[in-house]
């Protein structure tokens, strides 16, 4: 039986006069490093972008040092062994784009899953199986290529739906679901295809539509394939969707804390299903890009075995947190490009394949350590 | 200025008479399924053990159906194509133990890391590199085999220490650290070994100590190698250490919630370092087991490439949570054995290798789904 | 009493393993009132309001809204009917901004083509509204409406959650210990907000361990004990001491304390 | 005053990114006293006690124990000196048992060979001790000392954390909002425990938003505001209203309120 | 219940994802069917997978098989296990790749991978004529773990081309300036294309490309086609599968060394049948310590001094 009524407890009488300052002060003595940290902290995909630009410039300087000297007048053409730009030319730079197209698109699918605090070990296997389906449906059953591609896309989406259902409804950890799915899909791929390759020449002659993503656009020495353009467009569309639509906000919320998201009114099941299905669809789209790039349909494509690790590497170097809910999808694209630049750059500077492999390992740890340093600020 | 003094607030006068029941009731109508769920819930490593026993019996019945019929008098020896027990005999059953020895020991290392909520992708690569070190130090530099083995063990521990330091001090996610480490170690292995195999015959002649873990003990048809025995002993020792020493409790606490553990007085850094170093040591020990099993030292051993996934699979089937802090290390051993029984059983029943992969994929998802069902109770 | 309860639970049961968190529990909330729910730790208060707000599907029992039987399978169902809840755990996404969190699940799209076809969110509008709501609560100390929730203090977070519920609840607002982590000043703001909401005619369920607060603002007090409703009392007819005695089992409630 | 403080912080500074949680803050705890720390949400109370208990290493400033300068780099260092802390987040490992949690970091080994060589824990002894401590706190409602902490209600968990600190603190016990989630009955038990500990001669730091509790048991009250100590008052010389006014910035404290 | 036939024969291949081994399995299955035997197939999980092959041998012993056809991933490391199988009374026949030492197996039906490489090396050198002295060669190998088969073909090619190979157990240690570089392909189109691009970026003037197998060659061709150089680069390969031979016909590949996996497998199954029936062991090709199932160079542009068969013949003999 409180007598104080709506005026509150007796000791609260002075509250009306309370002021509302909080213990928030401006930085006192912050140097350039701190400002940089802050800037990078608020723009997560800037870090991989800067790494990308720096590593491109670094490799360019290293590889093209002689022609640069010539161009700058520091050396005469006769004095150097090579006066031609090898790295800094539109052919090489667009070649990197072509080489990362497959991993880049897979990394987009992987990013979606990782944003929901999942991980998908089956991305590469789904891509390979779907490429086999697109090819075999056309050649084995004589289905029109366009329809076969559609069937492939639907099939990839369906695999994604199965994984999504197991994750969201049966509540199995995504690592396990996709570990199992990886083996299942890859084995199904070999069993269904009987390891038969469909040759590039045959596809070109009978079903060129399958190779559509390999269609080339030349601008001077630069060569862009439709696959590369699709990768870039897809990345931008997804970046828009994740940032500016309700669905995107829900994906981040689910990755951050699924229980909180559910209680806050997000349909977690629907969001997860949409993400896994979309990721499956993107993997199936990768299948089409693969056919475009290789010309042929090969069930033993390496992507089936290591595409998952490649995609995860790109995502991680792109600064997207494996714990979900944090990161920008453009980062994954930059991550894939960084790996591409390193691989080609190292190969061009004469590192042999084994050293390249080792240095990529160092790159992974280094990139994430830098990212961690940047994130330390203000958390 | 509270006048109520130590007697508490005025409205609390009646507290002395408060009773202390809590809303805890006994189960009303619980059937057999519920009891079973409860039993399994309180004994996490029972689930994989039961799966192991059931799958062994299942494969035995399937493969040895004919001799069983003969033995039971349901059929005459002449009526069946094969009257010999092929699966249910001590040779085959101990063979499974030998076949899982490598993955089994790696899974023990993996379990330690996973219990701290980490994951180690480099386990297999470390094992292969250490086996190369043990071999090459003996053969290339003429160091006594015993010393070479010690150097290998120290080296594995050192790699573990580097990973542990990156995880614990630089605070990088274990997935990334060990992903990078995997590539680095594997490439270093190829580079250092120059892809040279040291032949079994040479080791036998010049450094039989390296093959010690392959030493066979026969009891009737049963064959146990020292490697198998070590695996079993190591599993028991680790199970004891995890359950009955302070260190073990700390490992679980760190995996459960590292911040809470730190605040509660656990030296998280020291615990993580000890776990990663011990895991590195166990991987190096696996190297010795590998030499014992294969006789030779081969830098291209597949364990380097797929040992990590095999070990994770065993751990996961063994019911250990990938989120850390939950599960029994014996489960990992049972998990490895389950995979071993399935692989051998499927091979003996004549399944195509790809079908075996596919079914192992299904097994992974199925095992975890069962585990999930059991854990649902009372959480 | 012949009024229909606006929100009603009948015979609700919820078991967690061996623990029966709700044991054939009834619950009624009448239009326009502030109903306090009090009880010991672990008595089942949070489970009760989860059951009537869709966050938990009860094992047995029924929920009625405006006298109509409803089956909430998720908090979204309840929200669509105008029931807003601040859960004890707050239900915020730490990495997202305050505005994102406030509009989670009911985002506002841009007008015109961008919104209809490209489904673009109207961030500016959402931020403006979020700022208004927080100002009402006296939380203008939050400088940047775009800052991530994880950078807020526990008290500020609780404030944002309460502001969200107050802004969107059209039928019932449920608050589970909204002032547990709050300081004196901040708690007072929340109590004022509750009275403000009540004056808009929206009934409120308030779970609290703070007896003075409960007796200050509640119209009726639901006393929860051992997973069920022990009694409902009128704060004007009983003392805090009585309430504490009933809730802790120190005294038996008189039979006439259960109205309706 | 010529007594040496048992625990002292001088000029402590701690910054989190843009936020300065501790801004040249002083702190003293004298032998045998109950010192309450009050302040608005986000004032920096938790950060202060983390700084003096090793959970946070301050950017600037010094900590003294019994007049000796100490450098705590982790909570373990502070614990070894006899300072026990119940953090606001409780610091429990959910999957481990109550006994495991209570003895975390100071496990008891078996006597003889098993303990010395094989380092085996004496589980039976630890469970017995844990049960005793909980009984002292009136938490005998916990049926199974081996049950995982995650199966306890929030209140029970807080009780276990307080019991742990009370059992092992030999020099100083620090409690950060130990009753925030507790019911009336459970809070009372904790207050009794605090007085009990004090009567054993061990000084206590209590952070709380509950003014009646603070004024009931504190010997001195440290009022924290905007990251620093505003003043220290004697609860017998000032009213709750005064304390609230100082702490919220509604009134300036008189200069003589700062003793020592 | 498992298997209705009395005689079981095991086929253990390096992988079952490479068409070469797929065909080998088809040949063995067909032959076993014909002879009324049960064939059980095993395969490594990835290229160079020694462990799984060891497990497979052990399984065959446990299974009571009569004999094993083995394409060893690691020809010396597998020897103790082969020994074990032979002690258990099984006949072990090495297919495709001889064991080291070669007499570790009861018999060997093999092609000489080094020879296969040498043939295409010689052919490439002969086709270029004088230009061979300043050729620019790209080497597309199998994997960074350097499995034996890849090393043998690579080193054979270089020997045939007339390049000093230094250590014959390792590729990549050569210092002949004509070699632009090595890269790895995993033996498929995907790896072939990327590896070719990498080498082209290093030196666009490459005019001879060695490839580990025909899928890698097809990938390399796509990379060359992308820059319009598909017609002025000589691609050589090894395997002789039907798609590969078709690619020779189409001008994708200049020449390929054809091997005969179906033949090896069916001969192997027959030999085991014989041994099971009357304990008779197969004899090696006279003058060699193994039964050579042969290698033939398939090309329509025969070069002087290198024996070759036409694409038409190659198509008749190809597998698949």
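First chain written, first letter: the chains are A, B, C, D and E, and each begins at residue 1.
Throughout what follows, contacts are C-beta pairs under 8 Å (C-beta built on N, C-alpha and C of every residue); 3 or more make two chains touch, one makes a residue touch a chain.
Being a predicted model, the structure only gives us computed values, none of them experimental.
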{"item": "More contacts between chains, A-C or A-D", "value": "A-C"}
{"item": "Distance-maximising chain from subunit B - centres being C-alpha averages", "value": "C"}
{"item": "Separation of subunit A from subunit E, taking each centre as the mean of its C-alpha atoms, in whole Å", "value": "36"}
{"item": "Where subunit C and subunit E are represented by their mean Cα positions, the distance between them in whole Å", "value": "72"}
{"item": "Subunit C and subunit D: spacing of chain centres that average the CA atoms, whole Å", "value": "31"}
{"item": "Subunit C, residues touching no fewer than two other chains", "value": "17, 19, 40, 42-43, 151, 184-185, 211, 239-240, 244, 248"}
{"item": "Numbers and ranges of subunit B residues touching at least 2 other chains", "value": "9, 11-12, 15, 18, 20-22, 24, 187, 190, 352, 354, 357, 378"}
{"item": "Junction residues of subunit E - those touching two or more other chains", "value": "16, 46, 144"}
{"item": "In contact (per the touch rule at the top): chain pairs", "value": "A-B, A-C, A-D, A-E, B-C, B-D, B-E, C-D"}
{"item": "Touch list for subunit D against partner subunit C, complex", "value": "19, 39-43, 88, 151, 153-156, 177, 180-187, 209, 211, 244, 247-248"}
{"item": "In the complex with subunit B, residue positions of subunit E that touch it", "value": "1-6, 16, 38, 40-46, 48-52, 54-56, 58-59, 62-64, 73-74, 76-77, 79-80, 100, 144-147, 151, 167, 169-170"}
{"item": "Residues of subunit E touching subunit A in the complex", "value": "16-19, 22, 46, 144, 172, 181-184, 186-191, 193-194, 197-199, 201-202, 215, 218-219, 221-222, 225-227, 243, 246-247, 250, 252, 320"}
{"item": "Subunit D contact footprint on subunit B (complex, rising order)", "value": "1-2, 4-6, 8-9, 11-12, 15, 18, 20-22, 24, 240, 244-247, 249-250, 252-253, 256-257, 259-267, 325-326, 378"}
{"item": "Interfacial residue positions of subunit D with respect to subunit B in the complex", "value": "55, 74-76, 79, 85, 87, 89-96, 100-101, 104-107, 109, 118-121, 123, 138, 140-141, 143, 151, 184-185, 188, 191, 195, 212, 215-217, 235-236, 238-240"}
